[in-house]
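What follows is a structure written as structure tokens; I'll ask about it next.
Order of writing sets the chain letters: A, B, C and D. Residues in each chain are counted from 1.
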Amino acid sequence: MDLSVNVGGLRLKNPLILASGTAGYGVELLPFMDLNRLGGIVVKGLYPYPREGNPPPRVWETPCGLLNAIGLQGIGMEKFAREILPGLSKLDTAIFINACGEEDEEYVEVVKYFSSFDGVAGIELNLSCPNVREGGNCPALWPEWSYRIVKASREVTDKPIIAKLSPNTGSLVEVASACKEAGADAVSLVNTYLGMAVDFRTRRSRLSTLFAGLSGPAIKPLALRAVYMVASSVDIDVIGIGGITRGEDLLEFLLVGARAVQIGSITLREPSAGIRILEEAVQLLKEEGYNSFKEIIGRFEIV
Amino acid sequence: MDLSVNVGGLRLKNPLILASGTAGYGVELLPFMDLNRLGGIVVKGLYPYPREGNPPPRVWETPCGLLNAIGLQGIGMEKFAREILPGLSKLDTAIFINACGEEDEEYVEVVKYFSSFDGVAGIELNLSCPNVREGGNCPALWPEWSYRIVKASREVTDKPIIAKLSPNTGSLVEVASACKEAGADAVSLVNTYLGMAVDFRTRRSRLSTLFAGLSGPAIKPLALRAVYMVASSVDIDVIGIGGITRGEDLLEFLLVGARAVQIGSITLREPSAGIRILEEAVQLLKEEGYNSFKEIIGRFEIV
Amino acid sequence: MKEVWGKVEENREIAPGYFALKLEGDFPPSKPGQFAMLSPASALDPFLRRPFGIAGQGPGWIRFIYKVVGRGTALLSRLKPGESISLISPLGKGFSQVEGTSLLVAGGTGIAPILYLASVLERFVLLYGAKNSEELLVEEVKRTIGEKHRIVYVTEDGSFGERGLLTEHIPEGNFSIAFVAGPYPMMKEFAGNYRGRAQFSFEARMGCGFGACYSCVVKVKKGGEEKYVRSCVEGPVFDGEEVVWI
Amino acid sequence: MKEVWGKVEENREIAPGYFALKLEGDFPPSKPGQFAMLSPASALDPFLRRPFGIAGQGPGWIRFIYKVVGRGTALLSRLKPGESISLISPLGKGFSQVEGTSLLVAGGTGIAPILYLASVLERFVLLYGAKNSEELLVEEVKRTIGEKHRIVYVTEDGSFGERGLLTEHIPEGNFSIAFVAGPYPMMKEFAGNYRGRAQFSFEARMGCGFGACYSCVVKVKKGGEEKYVRSCVEGPVFDGEEVVWI
């Protein structure tokens, strides 16, 4: 069985990647599984500087999902590079940076900084965090804004660039096209859906913010469609994200055109979920007579 | 305890309305509860003519939700008026028509037809069914299209007009504004979210259609935000819809600005859910020392 | 039809993956061919109830036979005696009552409504097929209908009874009607091979089970016209003449 | 820390709404103040695990005391002996070990980690408060620490022990440290009234419990700087000096 997939110019040992934001800096999961078995890990979002994040409460459980408003608390790129990346780089799995910025220049600064690290397989541009700007605004809602950041990032790195997209726009396909035009090697989608939770007793938000981002199995049907929309209409590699909890979910994302997937919220519930999901997917593929993940990518048929 | 609410120029005995599409023509629920206890019932969507709907399979369960692609099968306005409305009209609850059309003129035809029936409290314009046009298109994705249908409907009826809106647009607030400008008395939101379910074994959709509409508790956090967005920025009465399964959910929608709510998917699981949810909400209100539903409407506070 | 609670008296694996669930409670009376919607979870996931053909009912009890095929039935199978479960019952139209000798035809879990029917009929021949002897619920059949009726067992691998497809072993006889329950392909094949009057029990994917959502439609011919009708209300049992096989 | 399965040995309502859960299994050793994440559902809803302070642990067993406050704990309370549950344990940093006599302070379900701590300490005084006598788990306390320690019980309504708030009845004594677990307002009030060294166990709303999500942060002063740290990794026990009360 050939588990490898090709995405954004990279060959991954398998299509299962841990999504940014639910796997810490990777090391938090070492007690629970052999990270070498994963296709890749996207570490927590990094700014050029340490960042405090939003006040608590930062998380609220919803039916089959969770709302988060972490707000990209983080140790900053230099401390990460000094204290954590050297260890991560020794793993036999693809390590992806998740680059963030308040200003466009900050994204570029992070991209440039990590371009020289051999241990970094690629850079995901976090164009889509809904918890750091007023009203959930983010670059990935706007084709032009996304284009600008990807383009400027492209100019400072030869590493694969993955633009992480938001579902909270009526222009998803246009944003993906803009990222391709600007030189992105792949897009990953979806980031979280803007949602809200309130307490009728206190008459206030359940979180410290007004809006928050919904993830988890609740959103899977929506994410699957978003991935299909982009994969079927834009000529760019897609990494599927959204509510994957089982091997079958992984295969469904590949079927509609994703070349790899990221798992997020399920890791919070079940830290070793990545290995289980991968094993389940391999078993299902075998049962159906496939010899590789690649054989199923984009093979969805409209009746 | 005063349970009544005012919405779209109507006084409802309480804020709990059964949503269109999950309560049949109302009569299907007679074995399970006393419909007189409800604030209102919106019957299944009606075209001027009988309609076949989409082929099966039409439904697929998802985590805490369901995708449907019914496609507005229905008996048509005349048969409904002849065989069902007379009985419904005898109930002591507000009966709402859900008017549909392939062409704009068909909406207007249904609105006009029911304008003369005393037993009809109001007319909900179904601008937002995602299962009847190519790729999930519908009037409620577009402010202009919505305006045209509401405006033309306004000209043929004095009954309250409720425009049912879609969350599948980047222009939700603009659509709501357009409906107000065109003379709608209220908006109801959200209709279902466009989603997808596939079977990796057959490589085909789980439904007879490519896309389908997601409803159920899974979408509640998204719907709550959509209702807040419209209620807080457009001067029109809002009826909140989306994943309500408990009394507390109902109160949350009122808190962020809805003047009434509709319950949908939960009725399929628990046909008498409407009564339970209403009772739970009344109990919670009492516990917190409120004397009416009206006292909590729009009382959400941003920290 | 009513929302009622039942207390689990028995929930036993009677064959690999097949369970018999017996509930105690005050259930409205049903007739063979009708079904119930069972709620596998008290939490919100899985969200929908599941339809199951009633396998038997008497004073204070109701019984089902189900196969674990997904998340809902897996949860059901973990129910323990003494626990409670919500059901809506009875739903749909049952089999017609017809004079004379009936041919009962069951494939797989289609045996559930057929056993209920057999328990109230005087004269019948049973044709019952499954993949192999493990999935053929012979003990269930014997317990319910005893030894005095002719039974033709069929397994695909020949591990019990006749070998092959059920539709290759339709017994000869002067049957006033055939009552058929099982997978769609089997029923379609049977309909193609059998000339007499027949009623078919459909297993459509359902939303509510009581007519509110229009999910479970089946195409039928009525008055010269083909149309979708709700199998939960106008079925799940349909006359062979009206079914449009696809 | 490890993902492990435990088999329910006991899940008993010890006071209205309060349950004691004892699991059998091969659990990594813990120390008082550490916690575990328990998964209330095998289905996808509720989605997240719930954190519970460990109330006791020995060879082949671990014990929790919890109050039913929502959907997750309601599901937990329905677990029956023999059923299995997934947990991640042990998590976080526990209480420090300090020479001398300790003051143990527990409010409400804060009694769970405090009892575990009491079971390993030689010398302490316990101050334990609850709303009323029904919610005061006196039998639990007696069972765990016997009769040879001084205990000050406080109930808000005076239905058992002293009347009023726990913080109004802080015992006099020469304590080397106070260990405090309970609701935030109680702990804050205690911190304002108590001058000696103290450690506080926080109950923050958690996502994962093992440091991956940064949901459960608490603001602390470290090196002259205020910052958010994860209570699941750097807590749930914090030194009084470093806590920034809000």
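To be clear about the criterion, a residue touches a chain if its C-beta (ideal position, glycine included) is under 8 Å from a C-beta of that chain, and two chains touch if they have at least 3 such contacts.
What you are looking at is a predicted structure, and each value in this text was computed from that prediction instead of being measured.
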item	value
Farthest chain relative to chain B (centres taken as mean CA coordinates)	D
Separation of mean Cα positions, chain D and chain C [Å, integer]	52
Separation of chain A from chain D, taking each centre as the mean of its C-alpha atoms, in whole Å	35
Mean-CA-position distance for chain C and chain A (Å)	46
Chain C, residues touching no fewer than two other chains	44-46
Chain A, residues touching no fewer than two other chains	62-65, 216-217, 245
Graph class of chain-chain contacts, one of line, ring, star, complete, other	complete
Parts of chain B lying in touch with chain C, wherever the complex brings them together	21-24, 28-29, 31-32, 44, 52-53, 55-66, 68, 70, 73, 216-217, 245, 265, 267-272
Residue ranges of chain B touching chain D (in the complex, touch as defined)	63-64
Chain B-touching residues of chain A, taken from the complex the two chains share	62-65, 67, 141, 169-171, 193-198, 200-201, 203-205, 208, 210-212, 214, 216-222, 224-225, 228, 243, 245, 248, 251-252, 254-256, 284, 288, 296, 299-303
Parts of chain D lying in touch with chain C, wherever the complex brings them together	41-46, 71, 75, 80
List of chain C residues in touch with chain B within their complex	1-3, 39, 44-49, 86, 88, 204-208, 210-218, 227-228, 233
